[in-house]
Structure formats: C-alpha cells, structure tokens
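Pasting a structure here, questions to come.
Every chain is named by a letter (A, B and C) in the order it is written, and numbering of its residues begins at 1.
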C-alpha cells in the first residue's frame, strides 16, 4: 500500500479539480473525515455530506465530488449499498448487488425473498476509506 | 432537489444531467474484469462526446494535450488514470483498478503506417499477457473529414498485416468504433483492442468561419 | 421431501440471516433465498447418500428452534420440591391427540388451520438433560401489512391508483404459534416462553401469556397436584442498568428519560458500534448527572466455529411509565435471533448473572 500524506491528498484534489467548486467540496469532506471520531463513522448519507459542505454548492457539484472520492484516484470514501424497507436498514454486499443487477432480483437479507424493482429501495451510503483510517 | 438519500433509480435518472453518475454504483462495485472494461468504455465514450462538442478548441492541441484531457476527465470520475510518457515520449494512458489494467495509445491521424506504429506500441506493452490485462485501446484523433471512410481503411490496413488469429467486430454502442482481437505473440493470449476515433474536424460553413479559414490557408 | 418440509416450516418463523447460520452449522448448501435453497436441498436429498445425517441434524435444529426462537419470556421461581413434583408428573403425562398432531412438529397448512379453534393445546412433553418442556400450539389471527408492487397489478388498476405514492395491503390470516413452558432441572424456576415470531402484536402477546399460564396452572393442579405454580414472575428491570453499565455485548437500543423532561430513544444500525461508545450518546451522558433508562436491547456476537457467527439479542421492552411507579417492574423480556439452544442458554445465563 502506497503511504500518502494529508498534504499529498489535498494537492492531488487541487490538481484534479483546479478552480472548480469540487475542489472545495472534496477538501471540506476530507476535513470532516479526519477531524471526526472516524473509527465510529459507519453510516454517512448524502444528506450528511450536504451538511458538511454547506448550502452554497449545488447538488451536481456535490454528487460529482462524492463520486470522485469513492473512486480509486483519491479514495477517501467507501461507498456501500443498503436496502431501506419500512424505515429498516439492511446492508447489501457488493457481490449481492452484482447478482441483483444481473438477475433483475435482489435478495432481501432478512426475509430471504427475491424482490424486483429494487432500484427504488436500494440506496448508497458512505464510510471513511482505509486510506483515511490509516492517515490519522 | 433535496438529497438526504439517493436511490439507485434516482441516480440513474440523474444520468441525463450528470453524465457518468448513473454508472457510479456499478463503477465502484465492479468485481470482474469484463465489467470493469465495459463501464470504462462507456465512460470514455461520454468523455469523447464531450470533446467532440467543441472541435474548434482542439485544432492546435497535441497528442499529449488531448490524452491528458481524457486522463483528467477519467480521474474526475474516480479512475486511477495516469499518462505515461516513458516509452519514447509518445502519449499513452494507463487505467488501473486493483489488479485490473487497461492501456490506451493515442495518435493524431496522419497516415495508416503512423496508426500502425501506435498499434505496435500498444501490443508490446502487454508482454505479460496477464489475465487482468486483456484489453487496450487506441484513440485516433481525426481532424480530416469523412471519419467512417478513414476507419474503414484503417480496418483494412490492419487486416493486411495478417496478425495471428485476427478478428474485428463492430462496437454496439458506437458505429464508428470497432474492436480488433489477435493472438499476442509473446503471451499467446488473445488481446482485444478498441479503436476509438475522436472527431475533431472543424470547417465552419458560416461567413465568420469562412473568413477565418481563408486566412489560415 | 423432508428438507423442503423443514425449510418451509422455518421460513414462516425465522429470518433468512438466522436460517443461513443454521444451514452452515449443518454443513448444508445455501443459495439465494428460500426458494432456491429449498430447490437445491431437495435436489441434493434425492441424489446424495451422505446427506441424510445432515438433514437429521437440520431436523433437530428445527425441533430445538421451536423452543427458543423468537420468544417473550417470563420467569417464575418455585421451590425445588414442587418443580421436581411437576417434572415427575409431566414426564408420565401423555398429551391428547389434537388436530395439530396431523403435521406436528411442522405447522398445519393454511386450509387445515382454518378448521381448528382458537384454544391452546398441549402437543408435546419433551424430557431433556436440563429440563422438562411442555409445548403448546395455538392458532392466532395475524395481521400482515406489506407494500403492494404496482407492477403486479393489471393496467386498469394501475391507472386508477396512479395518484398514490405507496399502496399498502393488509392481510388477515391465521398462523400457528408454539408456546413453551420449561421446568428447569438445574435452577429453581419455570420459564414461560411465548412465541412472538413475525412481530406479534402487544395485545396478542399478552393474551398468549394469559392463555399459557392459565393452561399450565390448570394442568399442574390436575396432574401434579401443584396449585398455581405460576404466580408472580420475576422483575427484570434491574437488568437494564446492570447490563448497560457492564462490558457485555453490544447495546443496540436504549430509551431513557432525563430529569430535564426529555425522552430519548436511540438505536444503532446493524454493524455499527456499541451505543455506549457512540460519540453523541457518550457526550450526552457525560453532560448530565445520570439518565434513567427504561428500554434496552443488547446483542452478542457468538463465534460458533470458523466463519459461522450467530447474533442472539436480548430486549428489555420497558415503557416510560414504569419509571413513574413506586417500584419499577418489568416482568418480561424478549430473546431474539437464536440459531440454537446454546444461543438461548447463553442469553439466559447472562440474565441470571446480571440480575444478581
């Protein structure tokens, strides 16, 4: 694993986004992750990230910045799937998600039933990546 | 639009406003090489379409400049993309995800022998023939008109080289692109290359454009 | 086929995640969901000779799970001599034949269940190393609410309902429940375990306890001449603070009040940290002199063997008004997600350890 410093991460973000608003958005999210009790951070939603960056950025910029931070380039967020069913949350593994997309049916982890039209019920949430956890 | 949570469906619906976002869940959750390549090619197509929207801005760009732009767009999607010039100073693109690797060559079209050089440069980089390095691509930056004729001639040029087990097939998503497969000499594995034209032909028909182009000539 | 019958019965009663644990314990294959797994096991059963032991083990798991999954529990203390008297009497007692015996230990089919009345019937007396168990079956009305997938409706209906964001269907149907009374050979107590699988309503649960206690008391008087052994159940309330303040397991839910007039209800998602160490909860607790809790859920991660873990949970389902009584009394607990008798015993041991 390549060891990378906080400074290098910030530089990389600026290099990739230059003067675009995503630069500031990514830095704000990075700051939030390293300043929090990140060992406990296990369920960060888009809504929460919206709070972190504030209202002055539009959704499009926030979404593309988050997408970037989940990628391999500057991997600060781990994206995960969950099924939300009547206010209950069920984690869905990447493998199950792949299977669901190929077969068109998702296995409900609790009921054991296969459900169609699951795209309306599956959501993405985030955790700090191992890169962040190894930094602090 | 308030985004407390976004379902997969909502992300897909946003695709028309934010290209690439619909593929976000598949991109990070991908677990097999073929799927990685499939999504990468969809993303590359989107980037190419964007570049093609403003050919007038690209008339003086070098191979390096064009490839670096593609690299930067890929990085913004989250790809670990790099531009490696250690092979004799020509432009190429490397995209990695864990063990998965994809390499691209870029050439500004001038002659078919020049494109052939790019093709050879690409194939020599795959000497290991690793299981997760089976695909590569060539970006063909074309400033001339009649791209489909150029691509057809290029296909025939390749055919004439009589590569071992050579085969070509159309790209389902884009008529002008195509795939070639041949048996890689060193590794004995099949190596599949996507040939990706980038249309940079610019010859404006209106008065202001004609004036400019006359001056150039 | 036996496996299909066992799994169909399980599917009405336990979560898929618990079923996977049980199948792994029995070294049986797991596929995507109930249907595919039943199909796979049925296929295996018909071709493999070496699988019958494993299926026997699965059947045993099913027999055991009737005693432990999911249960609301009341515990009654009784003198040793009276418990022994009850054990001796019940050991000799043969339950009468009932309609439930047609398929017992598997539940009756929906059609057959319709014909049965609502009275509770003793169906089995089971003598084990640690206890004597009396198992009762009852038919109860069960109301199921689920969201209707509009894609499954015809076009005209879909059009009529187009203005609605969600369509919820309410289905009333009958289900068979398995309530259990356990006479311990080690401890001086009797457990009444009411079946609460599928989120039985509070009202139905109370009725189930009433029925079971009354039945057992009557039987005890008739066959063992022990009058009303089940009188006052023990108070579980002290467990709430005792467990919260311990290092046990992982607290996944806590409800409490503060003296500044606030009622708080906190829940942790599966896979998250212990509520006790969650930043927000911890900081809040530090800021006040004390909190007064009335509801607690705690789970344990038990390693059965490599790559097989179970997660039984203990819920102390108090309500805020308990705190306003002169004595705080909580007479029942729920034990959930047990994959085996061992899981259940593990939790009951903790109850006794922390009640001391």
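Quick note on the criterion: a contact is a pair of C-beta atoms (placed from the backbone, for glycine too) under 8 Å apart; a residue touches a chain by one contact, two chains touch by 3 or more.
Everything numeric in this text was worked out from a predicted model, so none of it was measured.
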Q.
Quick check: which two chains are joined by the most contacting C-beta pairs?
A. A-B
**Q.** Chain closest to the middle [Cα centroid of all protein chains]
**A.** A
**Q.** Centroid distance [mean C-alpha coordinates] between subunit B and subunit A, Å
**A.** 28
Q: Averaging only over C-alpha atoms, locate the centres of subunit B and subunit C and give their separation in whole Å.
A: 58
**Q.** Distance from the mean Cα position of subunit C to that of subunit A, given in whole angstrom
**A.** 36
Q | Touch list for subunit B against partner subunit A, complex | A | 1-9, 11-12, 14, 17-18, 20-21, 24-31, 35, 72, 75-81, 96-98
Q: Using the touch rule from the top, collect the residues of subunit A that touch subunit C in their complex.
A: 36-37, 39-40, 42-43, 86, 89-91, 99, 107-114, 116-117
**Q.** Touching residues on subunit A, where the partner in the complex is subunit B
**A.** 16-17, 22, 45-47, 50, 59-60, 62-64, 67-74, 79, 81, 84, 94-95, 97-98, 101, 118-125
Q | Of subunit C, residues touching subunit A in the complex | A | 11, 15-17, 19, 32-35, 37, 147, 149, 151, 269-273, 277-279
